[in-house]
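See the structures that follow.
Here come two complexes built around chain A, the first alongside chain B, the second alongside chain C.
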Partner chain A sequence: MKFEIMRERLVEGLNDVMKAVSSKTTIPILTGIKMDVSAEGMRLTGSDSDITIQTFIPAEEDGKQIIRVIEGGSIVLQAKVFGEIIRKLPTNEVEIEITGNFQTHIRSGKSEFHLIGLDAMDYPQLPDIQDDRLFTIPADLLKTIIRETVFAVSSSETRPVLTGVHWEVKDGELVCVATDSHRLARRKTKLETLPEGEYSVVIPGKSLTELNKILDDNSEAVEIVMTNQQVLFKSKHILFFSRLLEGNYPDTSRLIPSEHKTTVTVNGRSLLQAIDRASLLAREERNNVVRFSATSGSDVEVSSNSPEVGKVEEQLQAQSIEGEELKISFSAKFMMDALKAIDGQDVVIQFTGAMRPFILKSALDDSILQLILPVRTY
Partner chain B sequence: MQKTIEEIQEMQPVVMKRLQGAYEKERLAHAYLFEGPAGAGKKEITHFFVKLLLCETPVENVPCETCRSCQLYNSGNHPSIVFIEPDGQNIKIDQIRELILTMNKTGLNTGRKIYVIQEADRMNNSSANALLKFLEEPEMNVTAILLTDRLNAIMTTIRSRCQLVSFQPLSRSKLMEKLTTGGMTLSMSATVSMLTQSAEEAIELSSDEHFAQARKLVLKMVEVAGTNVHEALLLVQSEWLPFFKEKEDVERGLDMLLFAYRDIATVKAGLETVCTYPDMEEIWKQMALQRSFSVLSKQLQAVLQAKQQLQRNMNRTLLMEQLMLNLQEG
Partner chain C sequence: MHPATTGRSNLSKNKREEPCAPLFFMYIRTGRMFSLFIERSSYGKLEENDDGAIPMASRVIFHIDMNSFYASVEQSHNPDLKGKAIAIAGNPQERRGIIVTCSYEARAHGIYTTMQVHEAKRKYPSLILLPPNFDRYRIASKAMFDILRSYTGLVEPVSIDEGYLDVTDLAVERHAVDIAREIQTRILSELDLPCSIGIAPNKFLAKTASDMKKPQGITILRKRDIGEKLWPLPVIEMHGVGESTASKLNGLAIKTIGDLALANPGLIKEKMGKNGVRLQARANGIDDRAVDPDSIYDTKSVGTSTTLPVDETEEENLRVIILSLCEKVANRLEAKELAGPTVTIQTRSSDWQNRTRSITLKNTVWKAEDINRTAWQLFTKHWNGEALRLVGVTVSNVADKGELTEQLSLFNFQEHAKEEPILDLMSKLESRFGKRVLVKGAKEAKLKRSTTGSETSFSKDFLDDHERK
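For the complex of A and B:
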């Protein structure tokens, strides 16, 4: 194979796929980047076997020629070395030629590199993607969904399936749930384009975090295709594949209490700050637990007491308090994560007693729900 | 060196038949524990079996070697298989955790996923316990293969969750026959065939200059240790310690010493088996006359004890000196 390419575009493409390449992989070929060149353009693939990123550089764009393909073909080149070489080449035109035995010549200006490539046949094949399970979400909304759920995944490997976020498409809605069995985050999103049928996948939390880094914060549509083996996120030029987690995700719908005894509406940001302050002392104790009480009038009280360090109490004006009086303790970290996910809006907190899980919602809409289990302190 | 199917078949006919039978009838267990002495062909059979399980178009229960899957496996790039081996002394818990996480993800390719744990006896307690749950309740289409030389060092809880596949030790006379027809002297083939089961390793050892010297030194040691304790201690200082430096070397040295005493005991008992050092047979006979069985048994014990203490990282000088003194007694 032989072609010429604009260096800038190649660097851009490499930067994207390099994000997926990991140095500590057990499969030797995955330390490389795969290049497939055809008359239409060049496809770059990088993978660490959990996630795979593919990007396409068209041969022509807006009437300008980016790649001049002399002969098509495929090769795998060591990602790190290749990336560095391309970045440091002297001129903007790069010529790459593969001769027999995967010998690769990279020429630019007066410099010539000689790299030893690997057989592209050894590179794992990506699954064929059928379009029947396809739906689209704007990129910025997708980023929001990830941000609002992924923090709640479990970090312990005792139940591997909980290290992922459960994505379920049902009744025209996308429901994303993450839980580590002490707290739960759920986000519902109405979909415009509906795929047929109901189905669900569990996407590893790490993959979603990576995806979040790669996506641009704009309203361009991202196509999402779910298969049994992998999930694919497809934006303009980038294809992001992730492996899925196997196993059945527990049924979480029954965990969410439907009735409640106490309802508190409060400004999210000020509650977040109050909890943050209270956790300053609680943090010293091993479990970071703060107490929350709604007993009198229109104020709620956030307090924390660590006998060896000191104590803190703070009154907070609530918009409304309805129902029974309540004293409850919970993890400050979980509460802060949940409030951050709801992001500054007014928050409705619904309690069903001091020993029962409680839920947080935005006062404005129903799409996001956070559930936290309280801590027994006395 | 890649062994052909016929060679493996010849090495372990029973195991091969069993595994191929299970594959043919689609009655595969979710976990196998391959157990048998070093060199009995565990690795070769593992490679064969894994390739067979992954092969797209197997022919008569033998991998085709031409499909994409076989080629990926041969180049070490098959994404559906994970190999775990000890990282340093042990298989660490983090390795097991990572393994479980990767195994719980859907494969890049559809189909079976396999993990192979080499030297499974080197899992420490926490690693073994971490693996237990996963071993017991695998997700669909996951196959585990555990390899070990020392079955007794495997936790019983692990053992009971695996199908045990025992590899028979190769018969020593067969191996010796093969080696001598390959041009090796009888005495050398007798010695190396005690130390290893695999023909390649045996040939490698016999052509190793260091090993030949080690053999000489050990024999000298046995003769001296029997007669003069002072000379024996001197020999330890002047020759043994500078010669056997690494832990593995010392272990092999002690093994060879052990076989020498075993020879003496065999000669005394009048057994017909081939000695480890047939060239020394006359001297053994003499030594056998001078010792009673109980003395020999004590001397064997002493060497075994030294071997144990070597595992506990005892000071080598003290270890050898103690051994020399122990060999005098009785």
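For the complex of A and C:
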């Protein structure tokens, strides 16, 4: 194998696949990155066996040569060392040549490295996924969906299925739900390309977080293929495979209250800032609790009190307050996460009681729903 | 020995540098008559610094230490036991057989606290062994602290049989030694119990002083005395230094308290951390902790442990034992209206390997089932099947339930929602009539209950007898 490549393109590709490589892997060869070179271009693969990322660098793009392939072939190189070397090479042209016994020579300018590679035959095969049943979502929308839900997954392994986001495709709609049992985020999206059949999978939160990092913020379509054990996201040059979580995701639809006793409409940004200020006096050991009350008039009050630190009270003009008086305590952190996800001008908050979940929606559309369980104070 | 001689030994050494010492000396020998005359001139200088300046916050602290408390209480209940070698011990049949405390007469025969019962019996076969009677000790303790509180509100109980007093304000009117003498006499005549009192400008020195003469001693320890009285002692003798700290210090070639006082502060900080810095300050007679009457209310953890009748390897038996420990802890938390987020499990294997494992939860726990669920999870995660001779469960970082919060979850909010109507009503009444106008029935009953579901010698539950003012 022998080829020359533009250094910056190789760095970009490595950055993407490195996101899947973990130093903690139990399979030694997975600390490496696989490189396959053919006349069409180069494929880079990185994996921690939960996530596998493959990126393709074409030999030629828009009439411009990126790789000059002299001889094709495959090799696995230690991800960390290889990545660092490429990043620090002196010129933008890199020549890589494999000689006998997986000896790898990397040349750039007057610098020459000799790396010991591993046999690409020992690298695990990519999951075999039939892509005849797929649907597509524009990359920027996909990123938004991930951002609006993934923060609500559980960080505790006590119920592993809750560390993932539940993706359900039904009636031309994708419904994504994440909950750590203390709050819940739900996002509904109308699909433009109708998939064949229905799907219900749980994607690890960590996978989605990584996917969000490597997708470009543009409207190019991402193809999504779901199987029983794997999900594949396919963009122009990237294949992103993720293992799915096993186990039944709890039915959350019946947990979302449909009747409300108090409805408050308020500017989301002002409320976010008020909660942020009040949280300065909320303590983590006490679940970051802040109080919210809508008792009379058109103002709501946000307050917090830590006996040994101090207290804060703030009035906030609401657009409207309907229904019964209400006093409720909740985690400032959960509230801020939810408000950031909605990111709209006005939010509608619907309460059913001080010990019951309440929901937040954008005043403009119904696609996002955030649910928060209150904090009980004694 | 008459306590006055202690005073003399303290003071006579300072004769040359302390012009008032002879008067002080005379006072102690002759009783109270000179007390008013002397107090300003001699005791006022107790706080003098090396440079001769008198600090603004010069304080007079007593440390009262009851002498072999449990044994003394038994002797006062049954005067036939007076003058005899007696010891309080757990039940030897269940291997809880260690001496909890013993009388001075028993100590003279080589008996000491923590000694195994069978060993003690071998050493002195006529030793009288008594089972502990915690109710008696609690009553005596309360009476003792009541006497202390008749002098000042600044009483800080440390355990069932010791406490600090800040008598700075009283020592303006009367001589500190006079007050100490009166306290000691009252405890002896009213309760028939001996105690030792240390008098010093801070807690550390007061505690050190009360230890210097037992029983029935009164010892003054001034900052300037430490070079002579404290520094020659090995570090292990210092309060706050245990075996492991002592061996660490010895590893730094620090053998005596004086070595520690004069050691390079940078070295101490680097090798021993914050605790080292604190210990070095103490070795230099510096301790700025205030006497805090409320510190007893700051319970930080509630735990219990048990030594098993046999080295246990059966998971099922351990499950039952841990559950019963959790129930005990839950009862005590309930009695104190406390809850905490951290659950710790302790084990001691048959070869005396001690282990603790803990986990901190999102919400605080106080119910037996919640504590047990976490404790059992922790236990099964870390237990490798080895034989255990002791297991314990602790809930820590506890706080008043009134200060606590519980993050509700999708799976439990319904239980809480059931209480909404009553909580609503309470909040409405509170906003009309003020906070605490209503306390829920069950809670009220608990507040009144003074007894606490605990029967261990090391427990601080006796402190519940001290009512918060």
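Details
Here, the second predicted complex is superposed on the first by the 352 of 378 C-alpha atoms of A that agree within 3 Å, B and C clash if a C-alpha of one lies under 4 Å from a C-alpha of the other, contacts with A are read in each partner's own complex, and residues count from 1 in each chain.
The rule is short, and it goes like this: contacts are C-beta pairs under 8 Å (C-beta built on N, C-alpha and C of every residue); 3 or more make two chains touch, one makes a residue touch a chain.
This is a predicted model, so every value here is computed, not measured.
On the shared subunit chain A, the superposed partners chain B and chain C overlap sterically. With both structures placed on the common chain, the touch criterion links A:255 to chain C but leaves chain B unconnected. In the superposed model, A:307 lies in contact with chain C only, and not with chain B. Of the two partner chains, chain C is the only one touched by A:356; chain B is not.
By the touch criterion defined above, A:376 reaches chain C but does not reach chain B. Shared-chain residue A:229: touches chain B; no touch with chain C.
For chain A in complex with chain C, the touching residues are 179, 181-182, 184, 250, 252, 255, 285-287, 289, 307, 327, 329, 331, 353-357, 373-378.
Chain C meets chain A in the complex at residues 341, 362-363, 397, 401-411, 413, 416-417, 419-420, 423-424, 427. Within the complex, the chain A residues that touch chain B are 26-30, 47, 49-50, 52, 119, 121-127, 157-158, 160-161, 163, 204, 228-230, 243-247. By the touch rule above, chain B contacts chain A in their complex via residues 68, 71-72, 75-79, 82-83, 97, 100-102, 104-110, 133, 139-140.
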